[in-house]
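Given below, in the form of structure tokens, are the structures.
You will see chain A twice below: alongside chain B first, and alongside chain C after that.
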Partner chain A sequence: MSTTLDRRPGGSGRRWRLGLGYDERSAAILVFPVVAVLLVVAAYPILYSFWVSLHDIVLTRPLRRPFVGFDNYLRIFDDERFWLAVGRTTFYTVVTVAVTTILAVLVALLLNEAFPGQRILAALLLVPWATPSVVNGLMWKWIYDPTYGLLNALLVQLGLLERYRAWLGDPDLTLLLIANAAIWKQMPLAALLLIVTMKAIPDDLYRAAKVDGANVFQRFVHVTLPALRPGLMLVLVYETMISIRHFDLFLIMTQGGPGDASFTLSWLIYVETFRSLRFGTGAAMSYVLAMATFLLSWAVIRWLGKRL
Partner chain B sequence: MTMSVKSPVPRRRVLAGLAAAPALLAGMSPRGAAAQAGGTVNFVGWSAAVDQVKAQISAFERATNLRVNYENFPWAQYRTALVTRLVGNAPIDVAWISDAWLPEFAEAGWLAEINDVPQLMRYNAEAAEYCTQSMIYGGKQYGLAYYGDHMSFMYNTEILQRAGISTPPTTWDEVVQQSLRIKQQGISEFPLLLSLAADTWLIEFVSALTFAFGGRFTDEQGNAVMADANRGAVRAARFMREAIHTHKIVSAGAVETPEINGLRAMGGGSHAFGIVPTYRIRALNDPSQASAAGKIRIALMPKGGPDGTNATCGWIRFYGMTPGAKQDRARRERAVKFVEFFGGRDTSGEYSMQRLLLTDVGLPTCAMPLAQDPVVQQFWQRWAGGGEVIAQQATLAKKKDVISPWFGEWVETSNQAWQSVCLGRAEPEAAMRTAAAKWTELKRAFR
Partner chain C sequence: MAGRPVAPRIGRALLLAFFSALFVLYVAGPVAWLVSSSLQTEAQITAVPPNWLPPELNFGNFDAILNAAERQVTYETRRQGDPATGGFLPSGAANLIPSLWNSLTVGVWVAVLNLLLSITAAYAIAVIDFRGRRVTLYTVLATRVVPDIALIVPLFLVVRNLGLINTLGALVVTYLAITVPFTIFILISYFEGIPRDLYRAARIDGCGHWGALRHVYLPLSLPALVASLTFAFLTSWNEFVFALVLTQNVAAQTLPIVISGFVMDFTTSFSFVNAAGVIAIIPPVLMAVLFQRYIVSGLTAGAVKG
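Entry: the complex of A and B
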């Protein structure tokens, strides 16, 4: 049987076997490197980490790595640290997403209006967003510092605080203070996404509402909010996915402490994987977190899609 | 009908070029070039005394005509970075190792014993017994000392003088009394400094305090006794909680104070007393680094409770050789030379690295002959007002009794337990029971 290819444009060659012409084959060959890279850097690690999660792998015991099936997953759910971390993560995510979204809507409403300095304010808004996460964490850690922190200095000078206090050392406040740092950084992007959506709302709708006698609040509820649905959905899903997996701020500001006050799921995974070097349970926890993020995002989309 | 446009550059030529690119890049990389060079020692350490290490590497390269590939990582990430490299069979010949990791590294087969290397074993005759013992696991020795240190009780002479206190405290009860006196006089709000952030230093701080209270974490068989009210760590934990919440002589912010910040606070003259690694005495009494310079002195660790002792927690860091280096004759020869040059005597017969680390950084040495060295004696006189107390305290230093193959996992739970006590969120007994339960669970799982 001949294997000679027909090189004519649109020629038959092996088309009868592969169903591909010269253009398709060229495209496939050119796309192949990208697909190969994606397979190597994305698909393979994802599948391999799942394989790891089915083994009892402790790096400091390299000679034993038994296959344990789903035991690592069962072990996680028996671990009280896991449920503690779930509680902390839920609280942190709810606070961060709710406050970020509310503030973003308010800022977007403000910047959607024309007033002197509006452009400068919009530009300044992007500064926190452009600040690298590590810098953001360090900056807020210094602001909260118990000996030279700006927050202490400000409150003492205003007479609202008698003496300097260890803000991050207070387990009742730790998560809220970290959430504040996260909100400061994330809110600008959320506001930007909402402004873009707001700009797309036709002025006719507002004029019609005014003619119907709607006040500012009614126009917001009946015109702005429904039109914001795509933007809000994007903000909620994005912020939820980011917040639930937040790690950098916890590493820089509290290392999961004080005690277990900021022991979130991401921190637990870090401790399990990179400090205890238990890669099997660490991988299993990562899968649980990924699934939780996926399900939560799906629920938000479904819920918001029906409500708005 | 489909239109097709042929490229002026043939497809096969483009693909051939793409395929050749990685090979070209590999040939251009520094690693590729290094691999071709011979006579190299691959040494990994954490990012400490980097200038001194580089200076000694230069001296080593001149003296031996060997090359050294030196990599360093921040201390906080070092263990993980080293483990991943060892698991990945990276070509490491020598690495700095903490005594806390020795059992797990030895069990994992990542360290080579040196009992059959007389060139290195002969240094045991000149090393402090405590240091040598800290490098032995399962009857085998795994390296030569980089440095050995212990936690010291330091005090600020000026603050004590202002408070009318003539001698430093000898018991923890006296520490409390003197601290309250200093606090009442408004000299210092929190006279006692304890750095209790949940970092790698925390176990050394709490071990020092536990030993001073006559307690232990484990018994001779390695079983957890930390929760035992009479011989465990409970008394030390209770003292810490009372110091923070009852007497308020320790800041509640101690739980977010890492060792380095504690050092700065002590150097800033904010505290009268502190538990600080001995090697920090140089920085604390250096006017270019601390405003309290010249006023910080060392006393023996105060005794705590009815069974108190002057004991403290000691530790050692050492040069460990990998099995990969030992198995290959040429690599072994180079690695042994390196370990001897850095952890023992150099080619001129001097403990040059040990002396350099002490005089430049303040790291105490395990090499006993250096105690008679005039340069070393001058060093202690200049920076600590003499070395007698330090030498005496060194003889009372105890190795951490929690060093085990599961130490890395257990210490996470332990740190949380101690912090919970300091935050007033857990009773000392309950917190120590949690730490003990984790210890027992991990010990059982290791069998």
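Entry: the complex of A and C
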């Protein structure tokens, strides 16, 4: 299997250098456009918000904005809401990433088979992905609607539910219901990334495994899964990044409620920044979340990318 | 396949049929309901139990959106909207179609520029053995870990300094910052799967890095390139938070902004919102269906066996 990020591209390739510096020069030229764009639109905002996180900036008191070092960071660790939000975010992220990944593997396995209608299914796969998150949020809210919603009607007509319920109003279910909407939308991209990886698995490996008498599950565990590593790495990194910072659905579906049931970190940051207007602590919270996101992504890359 | 006994083949067919049915139900079910309720009147969608299918096809909601520009909507006249929509026409209805074009324009620009920027960087990181290669990759990825909310204010300042507030350019530039890092990541993992012998052969034949990229990597990466185009277009099509802050007038508003405006309008009928949702899904689905043969089936032909 050669699709691992970790493989040093050098190795024997080193011999083919045309001259000292050609590789470095080419790399610099090829990377330059991205670096230039990211410097303007990514680096500046990121450094700016870090600067904000070191100052006590409250918009209701615009003129005095003293430098406070890491006080904002210390303050948020004493904040009860922060720890509540960490719990909610962890639960939401674990559920969303785990279910998305498992569903994506199953869907990729299905679509990797050749059968009549496979292409229609592949086209359908792109429908949830193409649904803007605003529409996605509205659609699921409409499905969960306490009086006119599909979910109530379906469960009652099937005899699984006695009477209509206000699904999103149930604190025990809210996060799971939002996660469901997120998973529905995120699964297709994950599946697509896995299919791309699967197509690169040589058939010989399966044939060899069959000759050795491996059954379907053994072939999956010993041939498919190891070969899926690069795809799984992409999926886990992307889904973790997206889920841990997810905001749109919380804004559209529950606004942190009912009570504090969907009070996640991204919602807390929003409330702190744009409702309480405490930009300093809001930015500090963002940085804590950013560090967590980076460490998680890094861990996944180290884990699945072997030596990167 | 032909040589296999019949029983497992039937078993396989049944299994595939079963999982296909589950898949269709899960993926298409919610959207089917959205479409169904967009074709019903306000009275029909508020029936209990609900009408699973529209009792009769009613395009009133779509008509109201498509012809909204011709109606002057004020506080007094809003109740004279189409009866199909419960008599209400949200004040932003006329903006929906212009915003659809805005979304398409931004999406196409982002998709194309994103790919052009990402290809060369991904090639450099995946193929060229240069110092700082790993650092480059992690730095690029690190630009995507800060929550969007924290970036809203500084991005607003950047965009204002560039003189781009309320223009589509502001959105294109911002969305590139969102899509480029992950696109590079996708392309790297694909490029690394391309056998290195092909690269060596190209170099022996006298290709420089530019030649190796053009003649070896690009032709073999069609599926990944199409996936990246789709990823960038749909990310741009979806984006909500930045668009909300960076565009404040009709000239630059995108579809998600206008649709979320309907929702803030409490008198808007659900069937109207659903119709707007359906309109928002149609263009990307059309594009996705056009592209999917390259993404999914193109893979079998063009796949590089490592």
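Here, the second predicted complex is superposed on the first by the 264 of 308 C-alpha atoms of A that agree within 3 Å, B and C clash if a C-alpha of one lies under 4 Å from a C-alpha of the other, contacts with A are read in each partner's own complex, and residues count from 1 in each chain.
Note that a residue touches a chain if its C-beta (ideal position, glycine included) is under 8 Å from a C-beta of that chain, and two chains touch if they have at least 3 such contacts.
The model shown is predicted, which means the values in this text are computed figures rather than measured ones.
J.: After the superposition on A, what does A:P33 contact: first (chain B), second (chain C), both or neither?
T.: In the superposition, A:P33 touches chain B and chain C alike.
J.: Give one of first, second, both or neither to describe whether A:G256 is in contact with chain B, with chain C, with both, or with none.
T.: first
J.: In the superposed arrangement, which partner chain does A:D23 touch: chain B (first), chain C (second), both, or neither?
T.: It touches chain B and chain C both.
J.: Would you check which partner chain A:S276 touches, where first means chain B only, second means chain C only, and both and neither mean what they say?
T.: first
J.: Of the two partner chains, chain B (first) and chain C (second), which one does A:T147 touch, if any: first, second, both, or neither?
T.: both
J.: More chain A residues touched by chain B or by chain C?
T.: For chain A, the partner with the higher number of touched residues is C.
J.: Looking at A:L74 after the superposition, I want to know if it touches chain B, chain C, both of them or none. Which is it: first, second, both, neither?
T.: Touch partners of A:L74: none, neither chain B nor chain C.
J.: Quick check for you: in the superposed arrangement, does A:L168 touch first (chain B), second (chain C), both or neither?
T.: The answer is first: A:L168 touches chain B but not chain C.
J.: Which residues form the common part of the chain A surface touched by chain B and by chain C?
T.: 9-10, 22-23, 26, 29, 33, 147, 274
J.: Where on chain A is chain C touching in the complex?
T.: 1-5, 7-14, 16, 18, 22-24, 26-31, 33-34, 37-38, 40-46, 48-49, 52, 106-107, 110-111, 113, 115, 117, 119, 121-135, 138-140, 142-143, 147-148, 150, 153, 156-157, 184, 188-189, 192-193, 195-197, 199-200, 202-203, 230-231, 233-234, 237-238, 241, 245, 247-248, 252, 265-266, 269-270, 273-274, 279, 282-283, 286-287, 289-291, 293-294, 297-298, 308
J.: Which bits of chain C are touching chain A when the two form their complex?
T.: Those in contact with chain A are residues 13, 16, 19-20, 23-24, 26-28, 30-31, 33-34, 37, 45-50, 116-118, 120-121, 123-131, 133-134, 136-138, 140-151, 153-155, 157-158, 173-174, 176-177, 180-182, 184-186, 188-190, 192-193, 195-196, 199-200, 203-204, 208-210, 223-224, 227, 230-231, 234, 237-238, 240-241, 255-256, 259-260, 263, 270, 273-274, 276-277, 280-281, 284-285, 287-289, 292-293, 295-297, 299-300, 303-306.
J.: Touching chain A in the complex: which residues of chain B?
T.: Result: residues 1-4, 6, 11, 15, 18, 80, 83-84, 87, 104-105, 107-109, 189, 197-199, 251-256, 265, 270, 405, 408-409, 412, 416, 419-420, 422-423, 425-426 of chain B touch chain A.
J.: Considering the complex alone, what residue numbers of chain A touch chain B?
T.: Interface residues on the chain A side: 9-10, 21-23, 26, 29, 33, 59-63, 146-147, 163, 165-166, 168-171, 254-261, 263, 271, 274-278.
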